[in-house]
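This report refers to the structure that appears directly beneath it.
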């Protein structure tokens, strides 16, 4: 008699990070690999979703000088000293909070980056190329941030 | 005797929208939440995919002045009065239709934005952060548009 | 007696491409449609993930002049004659390899594009709009490249 070990697995976790700079790249790769191992996923996906609107999730190389280049690129794409209607407290009436601070530039930079990364898992391993690492990108730090991770697919086989 | 209520759920729906402006952000969040509830999904993903090449799907804050900032940013990234070979009717021979109109700028803006959003569902709720809303982005309106939504994961538990 | 034919399907494949230009758009659509058919998926997703950090996966129209417009846009977003700290061999010490070549511009362009595309499958067909095609984007060619494809969902129904 065989035991059916192949089944649907759906596991959710949250990652909390405290950022320390206005723009910052935080490497989540090791934590994601650990979540896949703990969940026992063999084939499927890991969907990494930020829960904020001035942040992003990207996949690229973890080389410090390159991350500095990325920061320069993002600063040029939407300068923090530009004019943003979102920051005009004379006319804005929607979603205004006590802790409001000018961050139109951060929203604009976030628009140009993905808010999630959907990654494949095969043979119980998060599949990444030689230089690929998964980054949470802070664009309006420092702040406390939260990332949702869904590990979803087949367990056993 | 127990009844096994945990099972694979895979439900597909289409959302139709009629846009009214060249660039427009249409908030799909309430419709997506309704689709998750109707399908009875408890854990899994919702994959929201545009079916057009001059549109996008993004996640950001629903604040009208911010959406105006986004429009300004997109206009600057690929100006509609720029020169696009795609719009050069003297040389172009591929995919030319009766209703052709110059929209190279809209394709270029679409290239810089995601064409889909993969969102996590936990405890029967579409998981979004406090300020996150899901937008269909029209970049070449007004037009009739269609969005594909896959609700996929576990039902019951 | 009925046989239960509806079940979880999770199939992984790799696509290999050899690019021939610095920037190049390679249409993967036919190969992806074939993978869906071969796997026998009826409802679910196809997640197409590049395994490199100077490449991307995008969905747009396959019109050669438009692809030339995209190349122009990417070149402007991060010029290949710009200054990138990633390429400064006097100061860089991380991830330096024998075959290193200046490619900071290619990483920056990749940052602005998605590294994967999650596409819906319904009624045993990869769901794409009339003009949508799925492209692997080379940003630092020519090179040998590899793309991971996960076909994931329900088989039978």
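Per-chain residue numbering starts at 1, and chain names A, B and C are given in the order in which the chains are listed.
FYI, a residue touches a chain if its C-beta (ideal position, glycine included) is under 8 Å from a C-beta of that chain, and two chains touch if they have at least 3 such contacts.
What you see is a predicted model, and the numbers here were worked out from it, not measured in a lab.
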Given that chain B and chain C are copies and touch, would you call their interface same or different according to whether over half of its residue numbers are shared? different
Please state the rotation angle, between 0 and 180 degrees and to the nearest 5, that superposes the Cα atoms of chain A on chain C. 120
So, in whole Å, the Cα centroid of chain B is separated from that of chain C by 19
Would you mind listing the residues of chain A that make contact with two or more other chains? 8, 45, 112, 114, 118
In their shared complex, at which residues does chain B touch chain A? 6-8, 43-45, 58-66, 68-70, 73, 112-114, 117-122, 127-132, 153-154
Chain B partner contacts - residues on chain A that touch it in the complex: 8, 10, 12, 45, 47, 49-53, 78, 84-86, 88, 91-92, 94-95, 104, 107-108, 110-112, 114-116, 118, 146, 148-150, 152
